[in-house]
Amino acid sequence: MAYRFKKSSINKSGLPPGTLVYRGKERQEEVKITVFNYSNDDYLEEQDISLEESLTYKEKAGIKWINIDGLHNIEVVKSLGEAFNIHSLVLEDILDTDHRPKVDCYDEFVYFIIKLFSYDATEEEIDIEQLSIILGDDFVLTFQEKEGDVFDNIRERIRNQSSRLRSSGSDYLAYVLLDVIVDNYFVVLDEIGEGLFLMEEDLLLEPSQDILPDIQQVKRKMIFLEKSVWPLKGILNNLLKGDNKLFKESTTLYLKDVNDHIEKAIDTIQTFRDIINGMMDTYLSNINNKMNEIMKVLTIISTIFIPLTFIAGIYGMNFRYMPELESKLGYPITLIVMSAIVIGMLVYFKKKKWL
Amino acid sequence: MAYRFKKSSINKSGLPPGTLVYRGKERQEEVKITVFNYSNDDYLEEQDISLEESLTYKEKAGIKWINIDGLHNIEVVKSLGEAFNIHSLVLEDILDTDHRPKVDCYDEFVYFIIKLFSYDATEEEIDIEQLSIILGDDFVLTFQEKEGDVFDNIRERIRNQSSRLRSSGSDYLAYVLLDVIVDNYFVVLDEIGEGLFLMEEDLLLEPSQDILPDIQQVKRKMIFLEKSVWPLKGILNNLLKGDNKLFKESTTLYLKDVNDHIEKAIDTIQTFRDIINGMMDTYLSNINNKMNEIMKVLTIISTIFIPLTFIAGIYGMNFRYMPELESKLGYPITLIVMSAIVIGMLVYFKKKKWL
Amino acid sequence: MAYRFKKSSINKSGLPPGTLVYRGKERQEEVKITVFNYSNDDYLEEQDISLEESLTYKEKAGIKWINIDGLHNIEVVKSLGEAFNIHSLVLEDILDTDHRPKVDCYDEFVYFIIKLFSYDATEEEIDIEQLSIILGDDFVLTFQEKEGDVFDNIRERIRNQSSRLRSSGSDYLAYVLLDVIVDNYFVVLDEIGEGLFLMEEDLLLEPSQDILPDIQQVKRKMIFLEKSVWPLKGILNNLLKGDNKLFKESTTLYLKDVNDHIEKAIDTIQTFRDIINGMMDTYLSNINNKMNEIMKVLTIISTIFIPLTFIAGIYGMNFRYMPELESKLGYPITLIVMSAIVIGMLVYFKKKKWL
Amino acid sequence: MAYRFKKSSINKSGLPPGTLVYRGKERQEEVKITVFNYSNDDYLEEQDISLEESLTYKEKAGIKWINIDGLHNIEVVKSLGEAFNIHSLVLEDILDTDHRPKVDCYDEFVYFIIKLFSYDATEEEIDIEQLSIILGDDFVLTFQEKEGDVFDNIRERIRNQSSRLRSSGSDYLAYVLLDVIVDNYFVVLDEIGEGLFLMEEDLLLEPSQDILPDIQQVKRKMIFLEKSVWPLKGILNNLLKGDNKLFKESTTLYLKDVNDHIEKAIDTIQTFRDIINGMMDTYLSNINNKMNEIMKVLTIISTIFIPLTFIAGIYGMNFRYMPELESKLGYPITLIVMSAIVIGMLVYFKKKKWL
Amino acid sequence: MAYRFKKSSINKSGLPPGTLVYRGKERQEEVKITVFNYSNDDYLEEQDISLEESLTYKEKAGIKWINIDGLHNIEVVKSLGEAFNIHSLVLEDILDTDHRPKVDCYDEFVYFIIKLFSYDATEEEIDIEQLSIILGDDFVLTFQEKEGDVFDNIRERIRNQSSRLRSSGSDYLAYVLLDVIVDNYFVVLDEIGEGLFLMEEDLLLEPSQDILPDIQQVKRKMIFLEKSVWPLKGILNNLLKGDNKLFKESTTLYLKDVNDHIEKAIDTIQTFRDIINGMMDTYLSNINNKMNEIMKVLTIISTIFIPLTFIAGIYGMNFRYMPELESKLGYPITLIVMSAIVIGMLVYFKKKKWL
């Protein structure tokens, strides 16, 4: 289940600040480093290089984008951090994969923590992964928990000389990364919306009890998704007002666009929560109605037959002197009276709209 | 059902920003372009012109209002955008028909996204359509998802030389467009209010279970309507404070008036939500009361007849030595005792207010 | 029912802004114009004058208070508006009797929309009426939907030469009008509070189902009252900060006092809502308890007699060889066993606290 | 019941502002005036003096604290007000004992309205009384609804020459009064907390229905207490920022401390509300569980005996040709079958965890 | 139970401000004073010294950290306070162990109240303890309610000459203390999260009624934890803006980090509350479903056997003329009819999905 709190494997309390401790899931894969080094005219791409090689890019000309897949090798994060003069608190945050999304402005760089959603269609699970982006003057560092394909498209665009990315600065690259991540939110939200729609149809067709855990599960998902997006609300807009020198003026419009999308995602999540609450109401009401129906059946059967059984009981008594028993008409009259009671009851129930 | 999330037909995630992708419903109708070109003395109106023709208006004197019905032809949006120097992010937003309402101020123009409500009386459905308005120095561009008649009245006023519209600038035209859209909210809200009133009367007269889906449906509608209006709250007022040079001072009073109407619409929507919640309470309470009544009938019938049946059972036993059975008074006394029990029970129920 | 939304009789959408359309209830009475023209030394009072006459007061010296009862004659509002240079948007708002309360500052005047509550003791209904006050340099215009007596006391004070009103400016008159209206809120809220208290006592004495509609009704009233007062919160204080030249400094203290009263009214309304919610809880709990009691009676009767009836059934069987039936003690022993069962059951129920 | 709204005995609507009308409970006691006049070296204390005497203190040197117990003699409030130049709106507020707490800064004085809680142990009632404090340059006026002992301790400190009060200004006296009142909140809240704790224990031991009115009652109390404290939140801090010349800088720290205590009181009240809501949940759940248990007993008894009774009924039929009736084993076999059914049922219920 | 309000043993109301009264639990242990005196080159550590000794450190060079375990000896707090020039209101707050968390900036020192959570694994209880930190120019005073081991790690770091603590100022020591306390929140929250997870599994496996008090208990815990953290939100960030001269610029980054962790803790607590609410819903729904199931069993048994018993009753009547009784086929036909009814009922219940 992806929607539990990760219990930190290591109790960090009491360690000096800036002590680097990886707090995510344990992973076996090797940490993978990929580098793009590009300018308007030129571009270089290297997959799966060693830590030492990656450090050499610090001094190269052009825009450098170093992407790290996997955080469980603390040495990689530490060495890169030192090479690029990243504050140790930032490195600590990179490794704490359960951090709140945020944007921190330092003198030399801007640090983004943002959550990446991905939908695993086979397991019907949503995975929330933490992504750290460090935007420097001429470099962008990205740290992912595990390898993914969400940036493939951006890589393609870097390879294409005529793309705007090639002629823009590192701030534009950071923007494009944020944009892709936020656009991806809607892919996941679309999946959830589709699931909600199916669940609602189920609820109307066949109001079984089995749907409750599903509703609770999707409600829980929304809590986690909201927690992953909400803190970013308005934060990019503030970045613009703050007059950050790392963002060129031409890029600010784009940041505003990302901000719009984040607000749209939050809106969507909240509408989903409203819809889920409506489903809960419908579910509870269905259960109630079913109970009502059961009670009605019980009441109809009981109230029809209990008086009849009583009459039969009367004439089952063994008193010696019961004149009705001797009469030839006793039995048929009794049956007629019973039928009359049944008909009367049915009319009464009809009137009460129980039938 | 109009109140589902539209699943984007195309996954945009990963495309370069500003890539134009139409995200609305698929439509077959042809995109229709209408142009009004007017000044104080003169006016020209052209229906259903070609894209090329429409572009020629850019350079003409006077106020130009170009209205586009249908967004599914991306080429139209793109060419117009280029001709009027509209930023590609704005064009992207125009095509994303699920965008939040907003107002963006650019140097050369102001961009409004606003939702248009329309009530389809035959299907008893509310349609929420997105409308983009671009206000430039001497032009207004409007982009609608589909053809509608909401602006017919404005067209009439442009044709009338003595109308204030003819002697005012493009900002006044933009205001009039916003005013008409927001006034239209109340037409739709009036319909919903009327529907709520009928639903409430139904609820009081005949508290059937069938009303729950209706309540949920109208509740859902309110969620979507609120989402379509809420983000505009206060935004026009901010526009005024922001000292935007496109709005003449004489127009600002009018913008404030539109803002008042938006707040009134939000108030109304929230009151509707309160009313709907009250209806839910009434409904649930009705269901509960009905259950109570059923239980009462069952209890009354059972508690009256079960003891009687027991007495009948006693005298149905086949013991050889039962003195009562031999007595001539056995049967009538038994009947009298039974009647006494019935009367006692009825008195008890009366006292308990169950009858 | 006073707590429904008024369906606008006329669809205004599409009309030019400032088009005057009366949106209130249809009325037959004639519109009544009353004028007070007073200064420190002198005062003139005219009831029921014609529109033309009223317009002549514009140029007279002293403070002018023109009160209009009835808005359904658009011509009156329009002519007065033109004579006193009132903006057409204000005139439009005066006629829209469903407008939110607000205060708008124009250069030449201040425009207040405020709701007047009145309690109709015979119908036990609360009436919410809209009142527009326009405060100019030396005049005050008031527009009411229908004739009422809420201002009689103020009229008396104007007639009295020694009253502070006579020696103060138009701003003080405007304040006195606001003060009277807001003080009147508490008369109505007192009535409602009294009603709530009676309803609560009913609820405790006799928890019948009939009280639910009453609770819902008063809850609905509170929603409408809150909607009529809430938007004014803090608005008068803002007026003072805004350095409005129409309000003399000596009057600002009084405005603050009106603001205090508005906040107290809002507090009271919210406390009433809390109390009503508590009543709903009590009501639902009462219903639940009653159900419980019914179930208890059913269960006690059933669980006592069902086993007894079974025993009687046993000895009502017609097997040829049933030794108990032949025994002389069969019948009395059976009766003793039955009594023992009854006593056992009663002890059990006592222990369970069901009796 | 102390938690009802006081219905104003007199309808003030329409009276000129500043008209003094007492709006509290009717009282018979005489209004009591007490004066302390102290400086560093000297102090004078007079109990129960006449109004005329009290007015003479205005001109005396040293700090003057005039305390009035009882507001129902309007003349006293009016004369004092005139002597000390208090604005008539303030006098009006003093007499309106249902006013919201507030702090108003005038040029010559600061006016505090604050609520005093007191716990009446014999009646187990909380009394909320309004207290007005007027802080002037060298005087403090306090107005209480009725005589109380909450300030006795302060009086003792004034009498003691070495106390800080004697060497400080009137602002410090005002602070000490506020501090005592707010400290008193916690005495009352402690009582309520103790009551809540007992109520919770009751709820766990014996979940009877009688506890609901108690829960509702204490909930209501919290609403009124919150209403009496909440408006003061942050208001004293604002006073400090506002650079009020009546408060010496050395006193501001103390005001901040009072503010801290007010926030703590609000916190406590809100925690109490959360606890009460939890108790409501527990109560409702208890009621539900009891219902469940009743249903279980009914179901177990019914489902065991109804089939048995049916079997007995079969062999009670009078068909001439029923082979089982003739068999010697008929009766014992029937009894064995019945026992088997009982055992089967019990096993089934055991498995279902109903036993 | 740790989650009750402490009833102050002493009624402080009416005492002069700054009167020192210990308001925590009564304790028997002796108050323990520990001192660390360190600079870059040197360090001195003394455990369990007398009050007099501790006071001598005031004048020593280097950073002084004096930690007091136990507040019930008022003399210790008072003497230290006087020696270090701490305002008496601060000393009062130190002793009020139920104070809200806060940060107060004085000219000479900064005063932090922060809550320390600790998890007692044996009793499965969370303990909330108040901790006061006073940061001066070259000293840090910490006041704990009882001895604990949360700072052991920091002590170790002070002993280590190469640690950053040794080369930094008192502000860095204060930060490290805050950091350790806040990091500790997550240890406790992890425990709670683990407990929630187990509780949820229980809830799914075996929805017994016994879980409700546990849910209520953990809900209560969350209320208290939230109350203990919430007031700190954003307060450290404000500290930075306030340009406090006691915090060196290099330390501000670290304070921001502590602030991040506090916000994360608040987020986590709120998510826990959402999860607990979901558990309540599940629990209530489970109880409802169980009731439903019981009703179903009752209804099935009753509706099957009541008609059968009636038929048996018919033929148990003693009418002389009942032709069926004479027929040889009477009995078998009756049995067949009964079987048909049973089968019909079962089919009906199958269709209704009750079986």
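Chains here go by letter, A, B, C, D and E, matching the order in which they are written, and residues are numbered from 1 within each.
Just so we're on the same page, a residue touches a chain if its C-beta (ideal position, glycine included) is under 8 Å from a C-beta of that chain, and two chains touch if they have at least 3 such contacts.
Chain by chain, the UniProt names read as follows: A, B, C, D, E = Magnesium transport protein CorA.
Because the structure is a prediction, the values reported are computed rather than measured.
K.L.:
Taking touch as defined above, what minimum step count separates chain A and chain E?
P.N.:
Tracing touching chains, the least step count from chain A to chain E comes to 1.
K.L.:
Enumerate, in label order, the chains that touch chain D and chain E alike.
P.N.:
none
K.L.:
Suppose you list every residue number at the chain A-chain B interface; are over half of them used by both chains (same) or under half (different)?
P.N.:
different
K.L.:
Using just the Cα atoms, superpose chain C onto chain D and tell me the rotation angle to the nearest 5°.
P.N.:
With C-alpha atoms aligned, the rotation comes to 70 degrees.
K.L.:
Please compute the C-alpha centroid of chain B, do the same for chain E, then give the distance between them in whole Å.
P.N.:
42
K.L.:
Rounded to a whole Å, what is the gap between the Cα centroids of chain B and chain C?
P.N.:
Distance between chain centres, rounded to whole Å: 26 Å.
K.L.:
Residues of chain E that touch two or more other chains: which are they?
P.N.:
In chain E, the residues touching two or more other chains are 291, 295, 298, 302, 306, 309, 313, 316-318, 322.
K.L.:
How is the touch graph of the chains shaped: line, ring, star, complete or other?
P.N.:
Shape = ring; chains linked end to end, path closes on itself.
K.L.:
Quick one: in the complex, what on chain C touches chain D?
P.N.:
150, 152-154, 157, 163-165, 175-176, 179-180, 183-184, 186-187, 189-190, 193-194, 197, 204, 253-254, 256-257, 260, 263-264, 267-268, 271, 274-275, 278, 281-282, 285, 288-289, 291-292, 295-296, 298-299, 302-303, 306-307, 309-310, 313-314, 316-322, 352-354
K.L.:
Taking the touch rule as given, give the residues of chain A at its contact with chain E in the complex, in rising order.
P.N.:
Per the stated touch rule, the residues are 4-5, 7-8, 11-17, 87, 89, 92-93, 98-100, 102, 104, 208-209, 212-213, 216, 219-220, 223-224, 227, 231, 280, 284, 287, 290-291, 293-295, 297-298, 301-302, 305-306, 308-309, 312-313, 315-318, 322, 324-326, 328, 330-331, 334.
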